[in-house]
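Next up: some structures, all given as structure tokens.
What follows is chain A paired twice: with chain B in the first complex and chain C in the second.
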Partner chain A sequence: MNIYKTKKTIVDTVTHIILIAVSATCLFPVFWMLSSSLKTQDQIFSKMTLLPETWNWSNYVTAFIKADFGQYFLNSVFYTVVGVFFVVFISSLAAYAFARLDFFGKNIFFYMLIATLLIPIPGVFVPLYLLLKSLGLLDSRLGLLLCYISNGLAFAIFLLKGFFDDLPKEIEEAALIDGCSRFGIYWRIALPLAKPALATIVIMNSLTIWNEFLLALVVLQDKAKMPIQRGLMVFQGTFITDYPLLMAGLTIATIPIVIVYLLMQKHIVKGIAAGALKG
Partner chain B sequence: MSKLKMLVLMQVFFAFTFVLFTGCNKESKQSKADVVIWHWMTDRQEAFESLAQQYYKETGVKVSFETYAPTDVYKNKISAAATADLLPDVFNPIADKKETASYINAGFIANLTEEMEKDGWKDSFFTKALTQNTFEAGNEWGVNPGIYAVPLDVNSLMVYYNKDLFSQVGLDPENPPKTWPEFIEAGKVLRAANIQPFTSGFGEGWLIGAFAQSYQWNLFGKDGVLDAIEGKIPYTDARWVKIFELFAEMRDNKLFASGIVTMVNKDAERSFATGKAAMAFNGSWGVNVYHSMAPNLNYGVMPPPALTEEQGAKYPLLMFGGEGSSLFVNDKSPNKQKAIDFLKWMTQIDPQVYLAKETLNIPSNKNAAGDLPPVLKVFSENIVNTFESLPKIESWQVTNFININLQSVIIGERTPAQAAKEVQGEKERQAKADK
Partner chain C sequence: MKITPKEKLSNFCFIVPALVLFLVFSLYPILRTFQLSVFQWNGIDKDMIFVGLAQYKHILFNNPAFWKSMWNAGYVTILSLTLQNGLALLLALLVSRNIRGENVYRTIFFLPPVLSGVVVGLIWKFVFDGNFGVLNHFLGNIGLSQFQDFAWLSEIKTALSSVAVVHMWKGFGYGFIILLAGLQTIPIELYEAAEVDGADAWQQFKNITFPLLIPIFTIVSILTILGSMQIFDLIYSMTRGGPAGHTHVPITKIYEYMSNGEFGYSTAMAVIFGGVLLVVSFAQIYASKRFNYNNK
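Let's turn to the complex of A and B:
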């Protein structure tokens, strides 16, 4: 018994040490960002200290004003919320159709869709630009949003199809017998059961859209329509980077997405537990 | 469940807002500027905007500078806009001569020669500032001969040295080493005092190559450099072996900062700015960088130390440099003349002096260089000593091999003779591939 206890203590201690070390490596860059956001440019280069000598809170105000975050912030919230909504809505419908309906060319369509995951965004800049031009959607919010939505669909459909495939058909058949329509089954049964997968999609797409910058810069010209990442650009020159303001700006830009993650984290944990019982 | 419903409701609300937003706003904020300039120089945006305002007051012409950075994104935007025929009035494809030629041949870039000839505009520039974007008659890309860009600034690469560290070890800060033996001796003194003598971003191949090229000009002269490119002089020539030996000599005398072969220039700049290295091979932009990192740094600049006659130097030592940032005028733009007029105004003495002071770059207008901070003035005086323009350039594969082998010599992986042989091997492979 004592040997068992000792073994358990050793294993637990080693596990905790490893976990603490991993956590430290994850958290240190965040800590460094926060610390650097309060330093002066001079301090960043000349004194490699963990904490700032003087705490320059004014960096946040300067960064907010200089980067014009007010406008960009609203734009990013808008792109993220609307973009994620449509990704979730369209992908869940499509995934349910791929999982449960039989139609001509189902597998070909599905694999073609999955194949689009292999194409990196920079590789489609020129064709996208031409497409948006011909649709009259260049330099418009709608044009950028359509790009974001189409970019998020393939993976979301892939993830949700897998989830719907694993749902027991008996539940749906029972609902059909009770008079539920096909859309009713999707809306009342499949979608609520897929909440964990939906939470993952929401988080992943929120992160992607919030942090996206390259596509916005290519598609948009009007500064008033640019996302928050455009604001961070002003701190990075060709040869010089204003690190304190960049770090303050990054902190400001990171806060909303951290909040989204914390809100959705509960659903993910629930989802894992639910998934464990499902089989 | 109620929270999920609320979330869904909120998103539906935003979705409707989105429809309204996009429907009403599409055309409301289109640019109303007479001349639109797309550029990538984020750190110069404020200075550019200030000049645009001044120009508007003087002429009533509204100029808009729009920044797209980093340069990779900017290049993507330019190529996408060119494909869609939506380029702005002024831009820069940020491309080599071959790619620039394709833009010119597609009719996207205006030939400015005629305008440059008017009122002596062309003569106001440093000659080197124009060479990069000048196409000679009979060029291999079939471009009509002429000048195709307006340079805003020029740059060159020299050796920065920390005056305080020089004084600390008894070296004269006002008389930095001029010759290679003096340079090695100064390095030894610094190393004896536990100071890293020399740093640079030699992890970035082009910087180590730029340093070596100075000695290629020093030993071979223009004809010799060309002969090497044309394969008439092999890279196993004793003079090329000598160039590799210079790096071995620096290594043997412990002149290099630790980790120099993997060091990116940003780290080398930090090392010099924080006084951890006494000398740094860097470009004229370093003035701005060091000012940002360490405003009180006490430093000077010197050309790379020249080889002596005993070491075989028969020609002057030249430096890497020339044109800095340039702007091109869209030949298809209805505002072409307004764009040219603005660029002509922007490269006159007063705006150039203003730009130089605000951005700490060397102006392309040679008449505006008289009022520069002391270090920048040394750089501008040495623009005449930058490499001459050549009708041919070495293939990137061979250039890459030279840089890699220079790094190999520094880490002791190859002897100078072995490194020279490796480069010659690549040169022969490329010659065969070309055939």
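Let's turn to the complex of A and C:
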């Protein structure tokens, strides 16, 4: 019995050593970003230390005001909040209809939607660029938002339809007999019941829109409209060696994501699992 | 319940916003990709010159840079499939052993996947910097002073592998989470029964864990292939395809041709690349069908 116990302790210790080593590898670059964001440029160029010699919080003030990161940050908040709101509203309306209502061409639309989820479409940004150009929406907030919203729809509709399918029909039928309209049922009964699925959709789309870069690169030229991921590349291209300010900018772009991640971890894991096992 | 045509029409209103956005911003661009790919067009002129499949032919037979970019993405993909997913599997197996701090490890391993590609790329670009990067400083400290001033991302020999390392650093937590979820669905009774029958740890892994994990491992592998082949943000933020085109991947190539105003040519490339991915995607549908079947 003692030998068995000793063996288990050794195995556990080795396990923890491996896990801690990998954890350190995961965390160090993020720590390095934080630490470097508080250093002076002189210190970056002359002396390598784990922590800053003096904690230069003023880097963040400079980043926010002089380096436009405040503007980029607000733009990202705008795209994320408005984009997620419309994804949730439009997809839940459609998902409810697909789950409960009868209308022309129902199956064809649904399978087309699912097909875009399963078929990878690389390089679709080329025709999107031309489309926005001909609509006069190139380099506009609306153009980028429309791309973001339509990108999020298919997965959200797929997830929500599954959820609505599993809800019991009896409550809705009772409400229908009481004279509630179809929209009223969707708004007052189905949508509140779908909160867990909606939470997953909100979190997943927030992460996707906040982190999106390629479309923002293709659609936007005007700095005043850029989200933070795009702004970071502009800053990096202009002030190539201003590492403390760049790291401060990276931190500003990362903090909201990390907070959402730590608070909403469960929903993210659920969303990942649903995404991986779709189809 | 009978439904009148009028009701059908009002029901239809529920999907109108989704349908309009889908048709205009998803379906139309897909169809437009095919249409543009048979024209030579700079996006400005009124006239589009019909060239048939000439651009496809040129990409496939006269454009070594395209094949180079495919190979680069393939290289990153192969490394991810083996090293990254191997690590993800090992960690998932270790964490699923009911060890202390499971939640902490899980939270930490999944941090890199939630960060944006641009943020990760720019942090690591700084880490890899020849003069001021912490990597060379660390290597110097452990006695490898030959790497002093070595610019990892500007050297032809190391640029692509360096980006691949970052890609794997960012990606392994994703496979880890899915595999861990899969491991936790395996009923504990199976292991208890095996223990009663005298099976050791290796036999349990070989006869229970491994066969039950195959479908999920397949899905993780396919997602890895699709994700790695379509790598863009990391490349763009770390090397922009350089040095001298040695880290170009298909998406950076398509973007480059588009930026040069070769809209027809870039869409033809997108169609070819999409065809390659489609094959992988069908495998995904097949694999997830099998997984659902096993679950029932």
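Keep in mind that, in the parts below, the second predicted complex is superposed on the first by the 170 of 279 C-alpha atoms of A that agree within 3 Å, B and C clash if a C-alpha of one lies under 4 Å from a C-alpha of the other, contacts with A are read in each partner's own complex, and residues count from 1 in each chain.
By definition in this document, a contact is a pair of C-beta atoms (placed from the backbone, for glycine too) under 8 Å apart; a residue touches a chain by one contact, two chains touch by 3 or more.
The structure displayed is predicted, hence computed values, not measured ones.
Visitor: When both complexes are superposed, which of chain B and chain C contacts more residues belonging to chain A?
Guide: C
Visitor: Identify the partner contact of A:Thr25: answer first if only chain B is touched, second if only chain C is, both if each is, neither if none is.
Guide: Touch status of A:Thr25: second partner only.
Visitor: Please work out whether A:Tyr129 is in contact with chain B alone, chain C alone, both, or neither, and reply first, second, both or neither.
Guide: both
Visitor: By the touch definition at the top of the document, which applies to A:Tyr60: first (chain B), second (chain C), both, or neither?
Guide: A:Tyr60 sits against neither chain B nor chain C.
Visitor: With both complexes superposed on chain A, which partner does A:Lys195 reach: first (chain B), second (chain C), both or neither?
Guide: first
Visitor: Using the superposition on chain A described above, determine whether A:Tyr72 touches chain B (first), chain C (second), both, or neither.
Guide: Neither partner.
Visitor: Once the shared chain is lined up, is A:Gln236 touching chain B (first), chain C (second), both, or neither of them?
Guide: A:Gln236 sits against chain B and chain C alike.
Visitor: I'd like to know which partner A:Leu153 touches here: chain B for first, chain C for second, both or neither.
Guide: second
Visitor: So in the superposed three-chain picture, is A:Phe45 touching just chain B, just chain C, both, or none of them (first/second/both/neither)?
Guide: both
Visitor: May I ask you to decide whether A:Leu113 touches chain B, chain C, both, or neither, giving the answer as first, second, both or neither?
Guide: So A:Leu113 only meets chain C here.
Visitor: Jot down the residues of chain A that show up as touching in both complexes, chain B in one and chain C in the other.
Guide: 45, 122, 125-126, 128-130, 133, 213-214, 217-218, 233, 236
Visitor: Looking at the complex, which residues from chain C come into contact with chain A?
Guide: 3, 8-12, 14-15, 17-19, 21-22, 24-30, 32-33, 36, 43, 87, 90-91, 94-95, 97, 99, 101, 104-105, 107-112, 114-120, 122-124, 126-127, 132, 134, 137, 169, 173-174, 177-178, 181, 219-220, 223, 226, 230, 232-233, 236-237, 250-251, 254-255, 258, 263, 266-267, 269-270, 273-274, 277-278, 280-281, 284-285, 288-289, 291-292
Visitor: Under the stated contact criterion, what part of chain A meets chain B in this complex?
Guide: Checking each residue of chain A against chain B gives 41-42, 45-46, 78, 81-82, 84-86, 122, 125-126, 128-130, 133, 138-142, 145, 192, 195, 213-214, 217-218, 221-225, 233-234, 236-240, 242.
Visitor: Along chain A, where are the residues that touch chain C in the complex?
Guide: Of all residues in chain A, those touching chain C are 12, 15-16, 18-19, 22-23, 25-27, 29-30, 32-33, 36, 44-45, 48, 90-91, 93-94, 96-98, 101-104, 109, 112-113, 116, 118-131, 133, 146-147, 149-151, 153-154, 157, 182-183, 186, 207, 210-211, 213-214, 217-218, 229, 232-233, 236, 243, 246-247, 250, 253-254, 257-258, 261-262, 265, 268-269, 272-273, 276-279.
Visitor: Quick check: in the complex, which residue numbers of chain B touch chain A?
Guide: 1, 4, 10-12, 14-15, 17-18, 21-22, 25-26, 29-31, 40-45, 66-71, 73, 76-77, 79-81, 83-84, 86, 270, 273-274, 285-286, 288-289, 292-295
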